[in-house]
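Several structures are given next for inspection.
Two complexes are shown next, each including chain A; its partner changes from chain B in the first to chain C in the second.
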Partner chain A sequence: MSQIRNFITFILSRPGAAFGLALLLLQVVAIVFAPLLATHAPTEADPLASLQPPSGAHWLGTDVSGMDIYSRIIYATRVNLLISIVAVAVAFVIGVPVGLVVGYYRGWASTFVMRVFDFIQSFPVFVLGMALVSVMGQEIWNVAIVLAVLFVPIFARLIRAEALSLRDRPFIAAARCSGATDGQIMFRHILPNALTPAIVQISISIGMAILLTAGLSFIGAGVRMPLPEWGLMVSVGSQQMILGVWWVALFPGLAIVFSVLSFALMADALRDYVDPRRERA
Partner chain B sequence: MEMHDRKPLLETRDLSVAFGDKTVLHGVSLQLRPDEVLGIVGETGAGKSVLARALIDLLPGKGRISGGTVQIGGHELRQMSAGELRQLRGGGVALIGTDAKSLLDPVRPVGEQVADVLRAHKGLSAGAAHDAAVSLFAKVGIVDPEKRAQAYPHQLSGGMAQRVIIAMALIAEPRVILADDATLGLDATIQVQVLDLLVTRCREAGMGAIIITHDLGIVARYCDRVAIMREGRIVEEGATAGFLNHPATAYGAELLASARARPAPMVRSGRAQQPAKAPALLEVVNLVKHFPTSSGHVVKAVDDVSFAVPRGETLALVGESGSGKTTVGQCLVRLLGSDSGRVQFDERDILTLPDRDFRPLRRNIQMVFQEPYVALNPRWTVARLIAEPLALDPTMSSRTARKARVLEMLDLVRLPARLAETYPHALTAGEQKRVGMARALATRPDFVVFDEPTTALDIRVRAQIIDLVRELQREMHLATLFITHDLNSVRSLAHNVAVMRHGKIVETGETERIFANPQHDYTRMLLGAELPIERYAA
Partner chain C sequence: MTFSTTWRRLPRTLRIVLTRLPMVVPQMLGVIFVTFMLVRLLPGDPALLMLGNMATPESIANLREQLGLDGSPWQQFVHYLGGVLQGDLGVSLFTSNPVAVDLMERAPATLELIFYAMILTILIAVAIAVLAVVRPGGIADYISRFYGMAAGAIPDFWVGLLLIFFLFSTLGIAAAPFGRIDPMIAAPPTVTGFYTFDAVIAGDFAALRSAAGRLLLPVLTLTIVNAGALMKMTKTTFAEIWRADFIRHQRASGLSQSRIVRNALRNSLPPIITLIGFLVGFLLGAAVLVETIFSWGGLGQYAVQAVTYSDYPALQGFVLVAAVFILVVYLIVDILYELADPRIQV
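Right after this comes the complex of A and B.
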């Protein structure tokens, strides 16, 4: 608990990190209090109020179907963060143990797993996303699965790299002499020492996931209308951009920017916080 | 002597250095005269390296000279311009640091790097500087200098790289050489060669040298005067001979006492009472371990080695780095597989046992690791670390029994019980070493491998650890294999000695006999490279 308090104090002492935390809290508020904050239902279409510029009735204007952009942005926070957090959580839970085992045991099986990861990571993200979503269907869970598949190699590689260097450290030999089994060495000795970069990566990956979700929706491989999702909103709005209707695409675009920024700033702060070179008070 | 009349090469008066608000050097006053070798001795944290860095105005980070003066060749360091300081470093005063390889640029040939110094200070052309570098390489004992000058740092051995650094320091003919633990980590035979060479070259050229070390043997052999540092102050200073015979301060006397060998090891563990044919607790027969390298070459790390360790006795396995002594230890505790041979422990061959059957035996065969800190999981508390091997002991299944054993072990290695809940990084090196020993001894093993237990420790801490091992030998009736290159500790601890070189044991015998009457040339060479202070003090 005091760790968390220390971390908060650390964040507040740095303007960038404090800004990131503020943005993050804003998103939490949007998720929890969406029904109270929204002025309209997020999927309520009003053909008579199509493409209204920002006004007192529609704070950020309306889109082509007359849906309130402000309310949709608020509700989309739920969708975007849900997809991202689920995807990253799944990737973490699978990638970390896989990376640990692959890093600890060297051999043809480990090499094979790494080649599979190479294959996933060398595949163009959007092509892979479109292929998977077109097979499985445009559901938010499928988007989350696509992202998790993309992120598993990232976590596995990070943990593997740490495990590779840790497994030859003297304290592992000492543990073996103390009678530790392979499983104990992996999970009690190596894992706690290998986890730091992966924890920093969580925040970076959530930011990436938000961007990729939006990207997939933008190219039509993500979720479908009328579900409120930032990337999809930008996609719909982009068609009117050329006509001077700027608000439909701009505001959800800004939401993406600030959301990704918040997680990137938190990742930076986290990395600095766990850096052993930082002098602990 | 007339040298006392000459002006000092380097003189500090009340020199103080601070990092931020924290003063780490307090009013240090020193003189170095031409032709003189001054030793500066102190333990970790005494401020020796900070002093060396301050003398060439290269303090790291937030360090700054906060008071006093540094006069070099009659000029005040603190009034020099950036250009003058650049000329001073390398040109007037040259610093030789520890770990030569990390001081060299890994992507450039070493000859070029040495020539750079000449080009910077004397404005020589690249060709002339290169020729000068090559001829100096020959003078500092680098074989085949022309070819070595083309080598990259990773292609050189530690001793060779240290010679390159010495050439780099000497080439611009500075007036003062600062050697900051310049031979730390080198083998004793190489250390003697390197220091002999450095001191000879300095004397030839009439330079002054400051040798910073924690090894009083080096001071005894090479230095005219010695200054003892402690906590940023010089506590005592004087002629070396005078210091060795009559240290002026209690601290100096304590350091000297720590550097001395303990009286010969305790009474032999009753070999007289034991029936002559009693089998040894551990017997190694024709042990072989080869490492194939990627180039298809085979390194014969352990090449047909045999020895025996009776119950309650200590065998010291001595040799230089690369002799294969640590590999032997790792084969015994099965951290490495062996290629062939037998290891009989308590009349069972432990090399042929499957892992599952060997694991319970680890209770009786333990190892204390070389580096105190890195052998402890940084995220585990001391109590958890010490308790880990107790999982091998079925009588230790209850929490309270384990806790009691942990406290008992802390007490055994003379650590306070309050350290049980701390993490390794909060301990001193000596305390970390003790935790490593407590952990190895927790299951009350019959046999322990000590791998270099005294390296990387300060003078006094090393003496404490040696005393502790002596007590443990007596109290626990331990049989130990003591792997080391520190002959001083061998004298104090071992009943028998086996000398190892290139994977083979070249000589074995009782400790007194080996030291008094070495038979093999290599043993004689090892003993000759040792710098015991007893040889110099009355």
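Right after this comes the complex of A and C.
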């Protein structure tokens, strides 16, 4: 508990991190209270109110089918963060044990798994994601699954690097001498000491996942209309941008920027908190 | 004369290339396997999915044969591999052209875009990073901190749209975001496929102006989004070198500042080369989005079209070409890395 209090004091003492935390809380509020905050139903089309500029009735204007942009941005927070958090959670839950095992046991099988990960990571992320989602079908869960697959190697690699440096430490030898099994050594002794970089990576990956989801939806390889999703909303506004209708694409894009920024700032704060030497350097 | 003495007599560059090349073969096979599996991920019969519900049994049987879907999975893979090795990537369902021909036609547009975006990104990233390290607390230092944080959070497609809105729609300075050259101006005769180069070769300055104008916004978009990451990592690398003993020694010996910066940059070159390799991968992914916005007509737009029309042979071909392109870039980067770092023994 005091760890958490320390961390919050640490964040509040730094303007960048405090800003990130405020943005993060804002998103939590948007997710929890979406029905209260929204002024219109997020998927309610109104052909008579097409492309209205921001006004008292439509705070951030309407898109081409007359949907209220402000309400859609609020509801889209649920969609975007749900996809990203599920994707990163799955990648973490699979990547961490795999990385641990591959780092603990040396041998051809470990080498082979790492080669496969190297290989997955050598593909351009966006290109592979686009191809996989369009083959599996443009569904919200498929986007999450594909992002999870793309992120597994990142977590596995981080944990493996830590496990490799920990496995020959004296305290592991001590645990082995006192009769601990391989499983106990890996999960009880190595894992708690190896988790820090992966935890920082969670925050970074959620930001990456938000950008990738938005990009995929933008080109039509993500979620489909009328689901509110930030990238899809920018794509809806992209045809009108050239005609000077700026509000349709501008606001959802800002939502993406602030959302990704909040997770990046939190990752930075976490990293500096667990490793104060970095900050001074 | 034994093998090892012959080997050592070869020039260092050749030795580096010869040790690196064989490693590409299993990677290439892996890429071909992944693109082969891609279409097998389709739920149901790919031939039926591609042709739609109106397809006749004969046309489905034809397409199944053309895609090599009959026979065991192993036979199917061998069929596909054999095709790929002969440059046969199947036929696009949307354009009805061989996918390989479609991709070849469109590749120069994408490469030209990536080429200029790379140059601008490297110039801006390295300049800001060096200035920020050499003068801590100066303007460049502040810009680098703010920009490094913000750049990773900006979606490229959104930046492209904002640039179109401000520079084309509102201020009217930039060229129209429709394609690589003004439709009223004939494209220069193809030599390299890069309109800017071809226009210079043909001495056609109207075409050069138009092509350069059209390049401005998409290149700017890619640069704004990608220079941040490169700048941040260059800054970290360069700052480390800048604190090294040999730099302090050079300063004590009275070398000029510009000379010291040049020496420090030379020593931070290997990690920067690796980063630039990754950058090409990012740029290729970003090009898919940016090309769509600017109707660029390159590989990226072709891929998006393939997604829109469920044109799986085209999509498969694009993924294959993109992955092979990246492998070749990584190969070149590895070779350059070893060349740039004389400490590496071959």
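Here, the second predicted complex is superposed on the first by the 275 of 281 C-alpha atoms of A that agree within 3 Å, B and C clash if a C-alpha of one lies under 4 Å from a C-alpha of the other, contacts with A are read in each partner's own complex, and residues count from 1 in each chain.
Please note the rule applied: a residue touches a chain if its C-beta (ideal position, glycine included) is under 8 Å from a C-beta of that chain, and two chains touch if they have at least 3 such contacts.
A quick note: this is a predicted structure, and the numbers were derived from the prediction, not measured.
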| item | value |
| --- | --- |
| Touched partner set for A:Gly107, first chain B, second chain C, both or neither | neither |
| Touched partner set for A:Pro192, first chain B, second chain C, both or neither | first |
| First, second, both or neither for A:Leu211, with chain B first and chain C second | second |
| Broader residue contact with chain A after superposition on the shared chain, chain B or chain C | C |
| Chain B versus chain C as contact partner of A:Arg169, first or second or both or neither | first |
| First (chain B), second (chain C), both or neither touched by A:Pro47 | neither |
| Touched partner set for A:Met241, first chain B, second chain C, both or neither | second |
| First (chain B), second (chain C), both or neither touched by A:Ser178 | first |
| Parts of chain B lying in touch with chain A, wherever the complex brings them together | 330, 333, 335, 359, 362-363, 366-367, 369-371, 374-379, 388-389, 391-392, 436, 439-440 |
| Residue numbers on chain A that touch chain C, as the complex places them | 16, 119, 122-128, 130-132, 134-137, 207, 211, 214-215, 218-221, 231, 234-235, 237-238, 241-244, 246, 249-250, 253, 256-258, 260-261, 264-265, 268 |
| Of all residues in chain A, those that touch chain B in their complex | 169-171, 173-181, 189, 192-193 |
| List of chain C residues in touch with chain A within their complex | 27, 30-31, 34, 38-39, 41-43, 149-150, 152-158, 161-162, 164-165, 168-170, 177, 281-282, 284-286, 288-289, 292-293, 303-304, 306-308, 310, 312, 315-316, 318-319, 322-323, 326-327, 330 |
